[in-house]
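Two complexes follow with chain A in common, the first pairing it with chain B and the second with chain C.
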Partner chain A sequence: MKNSTELLEATVDYRTRESFLELHARERAKALLDADSFRELLGPFDRVTSPWLAIQDIVPEADDGCIVAKGTIDGHAAVVVAIEGKFQGGSIGEVCGMKLATALELARKDTENGTPTYAVLLLETGGVRLQEANLGLALISEIHAQIMELRQHVPVVGVVAGMVGCFGGMSLAAALCTSLIVTRQARLGMNGPEVIEQEAGIEEFNASDRALVWSVDGGEYRVKAGFADLLVPDDARAVAKAVRHELAKGVPAVHRSSKVEHYRNLLAQMDTSRQWDAAMVAEKFGKESTK
Partner chain B sequence: MSETSNRGRIWMEALAGKKHLAGLPQSVLVSDAELNGEPARFLAVVPNPNSRFPRVREGEVGLEEGWTLAHAIRETIEADKNGTKRPIIAIVDVKSQAYGRREELAGIHLACAASVDAYATARMAGHPIVSLIVGHALSGAFLAHGYQANRILAFNSPEVLVHAMGKAAAARITKRSVAELEVLAEQVPPMAYDIRSYAKLGILHKLLDVVNPDAPSSEQVELVRKEIVDAVIDARKGPRDLSNRLTSENALIFRKASLEVRQKLTEQWAKA
Partner chain C sequence: MQTMKFEYPATGRVPRRAHVGVVGSGDLEVLLEPSTESKAIVKIRTSVDGFDEYWKAVLDRFFSKYQGAALIEINDFGATPGTVALRLEQAVEESEA
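For the complex of A and B:
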């Protein structure tokens, strides 16, 4: 599958490309669904907003930063859930998290009732919305549970395009996806650089060292090390094509997050007496994983 | 001075004995013990000051912890493939996920997802999963160890807390002082740190009053064991998903927005 990255790169004409990163969540969802199939559910006019932000003097958003769109992908029933990174850093609060969890649940119910429904998750999120702390954390655990249920039947494809990236508990959601698509502008990690520097010191992680940050969290590294599947250029059509490519593979025999013995063995071989770098970990972890 | 907690180990040993599965990192305790006349698997993540990974020595959930939990849970799923699904009990006292460069490079997000995956897979297969929060249940560490349970129990005690982030860090990120954060936490239940406020959200199955949780009497241990047994029985009667969290009495009050989203989205979905 490594060749498909180059294939996707090769098809981009930089004179006509349309940046995916510059799109808002709603336009991103539209760009992935078949033309004219986009139907937004619980949109801004329904005004289901966070009940917790206003009491903290924060202006809520009418869609709580989460777009749920039903439609088709290559004629196949699909739901795209796009987190808006520009609202509260894409953080997961009660309403936004429940939209995502419920969309996955409804896709699974349709699938079980004879209409297999793909799910594509656009993850631009720093994780829990701290203003809704414990409900955000609870919702993330419920999102995890729903991804686990749905991915038994149909592929759940995650996309981290940037620029917010995908962190905290939602990085676990990304890891639970059947397949993960990233761009070079994407970042994926459990703990952001600033948090690591704060908790562990600047020797452990210098958050202002941009080269270090991108070498660890950047999309290119994540693909090299086997934590993501496809590296795509910042082009809406290329992302849409990559999503179709990954969905077409179907449900694998073993998901990445279930390859427990493979990763335990890799980890056992790692020498922890010295600090690690990306090239060294990619060399060990990047080989095609079997079970 | 680092603050490490021994409570996970204390309760692991009180409930499941001092003999742990060999050949695993010392930060993950796995024991098979009898529970109400049937076998059960108990799991805990504990501090290991000698861990080869420096960033997990105070009981954090890191790479080895995530993958080892996943391994131990999957072993049980496999063993019971064709038989009665034994209970899996997560004893929770985890201060955080591990913050380190090695951890990020080698995919701590995947390691933690692997244990989420294993717990959820076990639950969907019919294993009753009960979490017992005896100390801290924080953030990504709790997601990886305990939050996929059908039933969550917690000690009703001031040191016990569930949260997304420690107070100092949460204050910094939300641009508030710790004092301001504490005032807000009193008004906004999901922001509170204490376990009684958490109980309002309707996610906890039950709060347990335990006398002297750092050195429990055998009477107290039996009381807690009985509660775990009851939670297992209750879990077996209910669905294999987490829907009970939305049908609890407290959820009807404090998760109104969740319920509204679910109802309206379901209606619109059917018409779209």
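For the complex of A and C:
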């Protein structure tokens, strides 16, 4: 794992690289698919947009912040679903969530009907969209179910690039992916830093302490702790290469999220009488979890 | 949120539809497509209320140069007039590319 990271790092020329973080969701999807193979489903001109935001006085987006792109990756049929983190924090509402869940369902049906279809999920999301709470929650569980179904047949690769990060119910979707690619700018966590500070107090977690936040939720530390697989630099070509690298591995015998007993044992061994830090978590979970 | 609608006389051809921008802080999305009528229609949804005159000024200037009989839909999340003007020009550029 470490070697792959260094290999990818070494290929980046910062003078000529194309930042992946600066790309919008549609451009990110394009950057991952084979050249000229991008074909968007339910694009902005189809006007399938949130029926709930405008009645709550919030400006909607024509694609509801979810880009579904069919195409090929190394000539292999693929669907890339990219969440636009800049629109409503990448939150999952009815339309956005349904687009993602249905894209996965169709990929599975195509796979079962003889066209194996890879899935790549670009997860920049704070989780459920509070203005569409119940529908968002229902769809996030549907997304989880669809990932579980599809990953039995083909790899489902998640990418958390930043800067929004991936939180809430969608962090569970990230955890269910066959493989998870992150950058140093990425953050991955169940509760976001602001939520922890608000609920448990600033002594528990200071959300404005960036060093602290990234030492817990940051991509680099998530890889060290074995909760993400590959750390890549902020470069569109490096991300595209990493996606191909992870897809080529195929479906593992056991997914990380299915190693329930393994993680239950590790948790049981944790001494909760002392404060754990990132290095201790990496020491405890990192070496074991990749086995 | 405020909605607005503007119309301008226009007969120019719009070669193809174009979509630019995102509904993110300080930004907007523009959907530009051929209109079936011989005029341009602009529908705006903006998160910032009360700037009707600014919108009119930006669009007046835009349509003093652009002749396309376009149906334009704007979803705005607090973009400055300069950003709006640039996004409109970008949409035209993509439409005519």
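Everything that follows uses one rule, which is that the second predicted complex is superposed on the first by the 288 of 291 C-alpha atoms of A that agree within 3 Å, B and C clash if a C-alpha of one lies under 4 Å from a C-alpha of the other, contacts with A are read in each partner's own complex, and residues count from 1 in each chain.
Here is the rule we use: a residue touches a chain if its C-beta (ideal position, glycine included) is under 8 Å from a C-beta of that chain, and two chains touch if they have at least 3 such contacts.
Please read these numbers as outputs of a predicted model, since none were measured by experiment.
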item: Three-chain arrangement built on chain A, chain B and chain C clash or fit; value: fit
item: Partner chain in contact with A:P60 - chain B first, chain C second, else both or neither; value: second
item: Partner chain in contact with A:K70 - chain B first, chain C second, else both or neither; value: first
item: Chain B versus chain C as contact partner of A:S50, first or second or both or neither; value: first
item: First (chain B), second (chain C), both or neither touched by A:V251; value: neither
item: Touched partner set for A:G189, first chain B, second chain C, both or neither; value: first
item: Partner, of chain C and chain B, that touches more residues belonging to chain A; value: B
item: First (chain B), second (chain C), both or neither touched by A:A279; value: neither
item: First (chain B), second (chain C), both or neither touched by A:L137; value: first
item: Minimum Cα separation, chain C to chain B, after superposition on A (Å); value: 14
item: Overlap of chain C and chain B interfaces on chain A (superposed complexes); value: none
item: Chain C-facing residues of chain A, complex; value: 24-25, 43-45, 54, 57-62, 65, 84, 86-88
item: Residue ranges of chain B touching chain A (in the complex, touch as defined); value: 52-55, 63-64, 67-68, 70-71, 74, 96-97, 99-114, 116-118, 120-121, 124, 139-140, 142-144, 147-148, 162-165, 169-170, 172-174, 184, 187-192, 198, 201, 203, 241-242, 245, 255-258, 260-262, 264-266, 268-269, 272
item: Footprint of chain A on chain C - complex, ascending; value: 1, 17, 19, 22-25, 27, 29, 31, 33, 45-47, 73, 75-77
item: Sites on chain A touched by chain B in the complex; value: 39, 41-42, 46, 48, 50-52, 55-56, 68, 70, 94-95, 98-99, 102-103, 106, 127-128, 130-142, 144-145, 148-149, 168-169, 171-176, 188-191, 195-196, 198-200, 204-205, 216-217, 225, 227, 255-258, 260-261, 263-264, 266-267, 270, 272-273, 275-278, 281, 285
